[in-house]
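Should a chain be cited, it is by its letter among A, B, C and D, assigned in written order, with residues numbered from 1 in that chain.
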Amino acid sequence: MSTHDGQASTTGHGPDAAHATPLAILLVVFLALVAMTGLTVWVAYVDLGVWNTPVAIAIATIKALLVIVIFMEMRFAEPLTWLAATTGLLFLLLLIGLTMADVTSRGWLGIPGH
Amino acid sequence: MSNVAAHSHVAHQFDDAAQQRRAVTLGMWVFLVTELMMFGGLFTAYVLYRSSFPDAFAAASHHLDATLGAANTLVLLGSSLTMALAVRSSQLGSRGGTVAGLLATIVLGCAFLGVKAYEYAHKFEEGLVPGPHFHFPGAEANHAELFFSLYFAMTGLHALHMVVGAGVLAVLTVMAARGRFSADYHNPVEIGGLYWHFVDIVWIYLFPLLYLLGRH
Amino acid sequence: MPKFSLFPESASTIAGQVDALFFFMIAVSAFFGLLIAGLIVFLSIRYRRRAGSNEAGDPVHVPIALEAAWTVIPLAITMVMFYWGASVYMTMARPPDDAHEIFVVGKQWMWKLQHLEGRREINELHVPVGQPIKLTMTSEDVIHSFYVPAFRIKSDVVPGRYSTAWFEATQVGTYHLFCAEYCGTEHSQMIGSVIVMDPSDFQTWLSGTDADAGMAASSPKDTGQQLFTQKGCATCHRGVSGSMGPALAGVFGRERTFADGSKAVADEAYLRQSILSPQAHVVAGYQPVMPTFQGQIDEEGMLALIQYIKSLPAETSPGPEKQG
Amino acid sequence: MEPTDKRKHYLNADYGIRSWLLTLDHKRIALLYLISITLMFLLGSLFAVLIRLELLTPAGDFVQADTYNKLFTMHGIVMIFFFLVPSIPAVFGNFLLPLMIGARDLAFPRLNLMSWYVYMVGAAFTMWAVLTGGVDTGWTFYTPYSTTASHSNVMATAIGIFITGFSSILTGLNFIVTIHTMRAPGLTWFRLPLFVWAHYATSLIMILGTPVIAITIFLVGVERAFHLGIFDPALGGDPILFQHLFWFYSHPAVYIMILPSMGVVSEIITCFARRRIFGYGFIAASSLAIAIFGFLVWGHHMFTSTQSVYAALIFSVLSFAVAIPSAVKVFNWTATLYGGSISFQAPMLFALGFIGLFTIGGLTGLFLAALGLDVHVHDTYFVVAHFHYIMVGGALMGYLGAVHFWWPKITGRMYSEWAARVSAVLVFVGFNLTFFPQFVLGYLGMPRRYHAYPDEFQVLNVMSTTGASILGVGYMVPLCYLIWSLWRGAVAAPNPWRATGLEWQTPSPPPTENFARTPVVTEEAYAYPLKEAELV
């Protein structure tokens, strides 16, 4: 009854002991995450002007991607899963983006309340 | 693929284990999307207010303990590692490894919550809890109060997710200990893992956004 | 016998523009509405099922050109609607330069109005015909909305912020003033009237006294000046070099530079924030020593203070300006 | 409902209250929803009746101002969150999706049952709020009124809506996964019935939008309880932020309410015109377009809110753009009639009624999207008329169409065709008399949420109240003959309308396992006219 319209090959062969991520990789990822946490803290005490926040976000995003791709096994996932995840992100950005579009352009006309 | 129909863990509405696995995984990811949107409301508020009152937010952020925050980040990352190990063990069919990984994750999760509770208590003592008794030693006390409102809302919702997550993991631990999972069937562990990692990711963002403002 | 009508009075310069757009929309809607309804009725009759037949006509063939046509044509029509609506809206958003300012403060459940010349009113607004009027509005509690159907204008009145609306009345008369944003129990009683008068009548009215106060009205500017001394603003903003705070003369409408290098134009909202949260934007060259006046000045007082600061003439500014 | 034959089906498979309250069968869960939702509709209607009675006279003399405010608030909340949002998806989506795609059940039956319980718990909280004094914030909960000024039971309602939100989320999640993973062999995406497409699009909105309203309404509750002042102007908080967050969900939510109805209408039109639907691909794609672009226009509820003019321009132009997919649907439905062999049984009458009233509602939506015009009619009865045209004239008509179309499938009984036609006509006439005068009232300037109003608005209000009583009768008639049909109705054939679609290829009512054999699909949907041999 199933229609496999994704990459059936990645999910089709049942049990996935083959997918089990090697210990070494898990440990390396963990160490990378720890290192990047240190980096986040360190860089926060360096004055980068307006760049402090973007750098912090960038590091956090790399960390998040590591967790998603390795820990959450996204690298084995079918395209549909990727689509789901990116859709979520896209709509979150939409929510923030359009709200901020209002907030940042409020003063442009120079008339209060417009 | 056909022999799996013999296994009782394939629910009646599914044809086979592969279909079930596909459905369950997709379901969890869709659920995570809804979680993302839920936190999204708070992130929107954060972006708006932070951009409106940058100085007040920086000043207020100084009243958070960055060392504790960083330590807690490490604890949570550690729990993600143990969670990943638990999933790995379950994929390899190791019952002991799965139970150990899950238990370690729960312990680390509780440690995180403990530190969080300590921080909250401290905020109460300092009068940094929004409301009639809020007291902020500095300019722009009202905007600082806004920061703490967001702080409590965001970390509170996150902590709530941790509590739920720990509960789920506890159930999984019991199931694993009773030998309900095998190399053939371990969807629940994977699904629980996805949830736990998601909660971790939220914190990866919360930490710099709340604790490390204007530290330079 | 209550008067009954199907169309509202049009008593402002903008009303005609809104009505024109309205009629255009009605025409387009009537066209499409009748088109669809007509087609449904016609096709239903033409292709009704006759007794004994269950056979349908030819297999469906979907011409892409048709699909494209009924996608693109409506899109084009709506873009006309958008453009038209937007241009009316922009007219509404920009008060003419010669507009006369009136302050409006909404609170549960009344409208408080203040003329620059001094008269204050509650739930009644007297204005001269043929003179653009600009309303600067805020709220003391929750959101309200200032709505005069005959003028086709409406603007929400939001606590903590200023909003603006303007109109130019074209007809002497008395018109409804409604609160259009739900604001609690007496929302439907937060109503009043706008009384449009001949300019000469208006002048007479303006020089009258407030019935409720029973005394000669003091203008917002004077009230503001009083507050300025009373609250001790003058101790720091003396307008001479070496004062603790910057001279305020001519600040309004000018671009300010702040300690962190950012800039903003000083409008009403900026002045308000400077008084309530002085540390949010610290003017470059000054110390962040100004105390907050949060909770010490009510909304009317705030509008008066701002009016006073606005009225300080730029050219007599004696203090050294740190920036231009 | 005593069984007339010995055949086993989902209704007589098991007896007793437990077999219903603990069922995992999507068809039974659909019936649980049907009953709860009908009760909620009656409750919401009762509030509507009281509203209309108050508005019969200009003076606020029937109920007190506070009571009136609670009435329209509870009317809006019950109708939107507890009736219209769950209506078609939770009842018909639940019942039909697995049947239409040839599956034994939804992907997650337990989650499905849970979502009903979650709904009931949310409803219980809200009812508790009503009984302990009600809420008076309007269904929109605008801050700071809802957080600081209102003295009514906002907390309990907020919790109720928060909880109910999860029911919606779980339903959406279940549908998406089911549609992706459970289709019968041969049932490719472009062979899916349009009803399924519509529910897929609806589910997308449910999962992307609902969490945001949940957290927003939660923040309102938290602000009242713990003074966590996220929207508090005194702290520099922005009341407009609440409106952004609220409408980020609540505008797309209007498409949660209309898309399923559109799916129903697509099914009905093609069936009763005996004709393959015109522009299948365009109708399917327009559902997705509505769902996705529907997220870009929320600011059109805030044109007079002191939002920036530039944001208003963006939201306005996008609002016009999102109207286009709806127009595409209307044109394709109309074109489907061309060359058909049309019959006018009750479901078809409701479907045609839908098209007419939805078109009026939709076109007046364009008035509201036009910036300069919305300034005048915003928060007046023009808006009230607009949304009742779409939600009552459109969505509810579609819902009634669905009830009449699938009633034989669900219950195995036929209702009185004659009574159904009368009800369709009563609803149509009563509806227009109720809500058309409100357009006029709105342009005249009568603000909404007014407990008392100036004299000159009375004539039109009396018309509206008169219409509402006709409308009320129109709604009560089906309640009677449908219940009657359960005992006295003729036994329904598996395919009484001679429709295509897998749900018609299994007996009425369907067996618990839906299909004796998993069906294999070889054709596109709507391969009308049916060959005689295909009729069961």
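One rule holds in what follows: a contact is a pair of C-beta atoms (placed from the backbone, for glycine too) under 8 Å apart; a residue touches a chain by one contact, two chains touch by 3 or more.
Model, not experiment: these values are computed from the prediction.
By count of C-beta pairs in contact, C-D exceeds the other of the chain pairs C-D and A-B.
Chain centres here are Cα means. That of subunit B falls 35 Å from that of subunit D. Subunit A and subunit B have CA centres that are 15 Å apart. Per-chain CA centroids place subunit A at a distance of 42 Å from subunit C. Counting partner chains per residue, subunit D shows two or more touched chains at residues 103-104, 180-182, 208, 212, 234, 236, 238, 240-241, 244-245, 306, 309. The multi-chain contact residues of subunit A, meaning those touching 2 or more other chains, are 1-2, 80, 87-88, 91, 95, 99, 103, 109, 113-114.
Annotation for subunit B: residues 14, 19, 22, 26, 30, 33, 36-37, 40-41, 44, 48, 52-53, 142-143 touch two or more other chains.
Interchain contacts join each chain to each other chain, per the touch definition above. Only residues 98, 103-109, 169, 173-174, 176-178, 180-182, 207-212, 214-216, 219, 222, 226-230, 232, 234-238, 241, 244-245 of subunit D touch subunit B when the two sit together in their complex. Contact residues of subunit C toward subunit A in the complex are 93-95, 136-137, 155, 158, 161-164, 264-265, 267-269.
The touching residues of subunit C, counted against subunit D in their complex, run 2-8, 17-18, 21-22, 25, 28-29, 32-33, 36-37, 39-40, 43-44, 47-50, 53-60, 62, 66-67, 70-71, 74-75, 78-79, 81-82, 84-93, 108, 141-143, 145, 147, 149-150, 152-156, 158-161, 163, 176, 178-189, 191, 277, 280, 294. Across the complex, subunit A meets subunit C through its residues 107, 109-114.
Looking at the complex, you find that subunit A touches subunit B at residues 1-2, 4, 6, 11-17, 19-21, 23, 26-27, 29-30, 33-34, 37, 40-41, 44-48, 52, 56-57, 59-60, 63-64, 67-68, 70-73, 77-78, 80-81, 84-85, 87-89, 91-92, 95-96, 99-100, 103-104.
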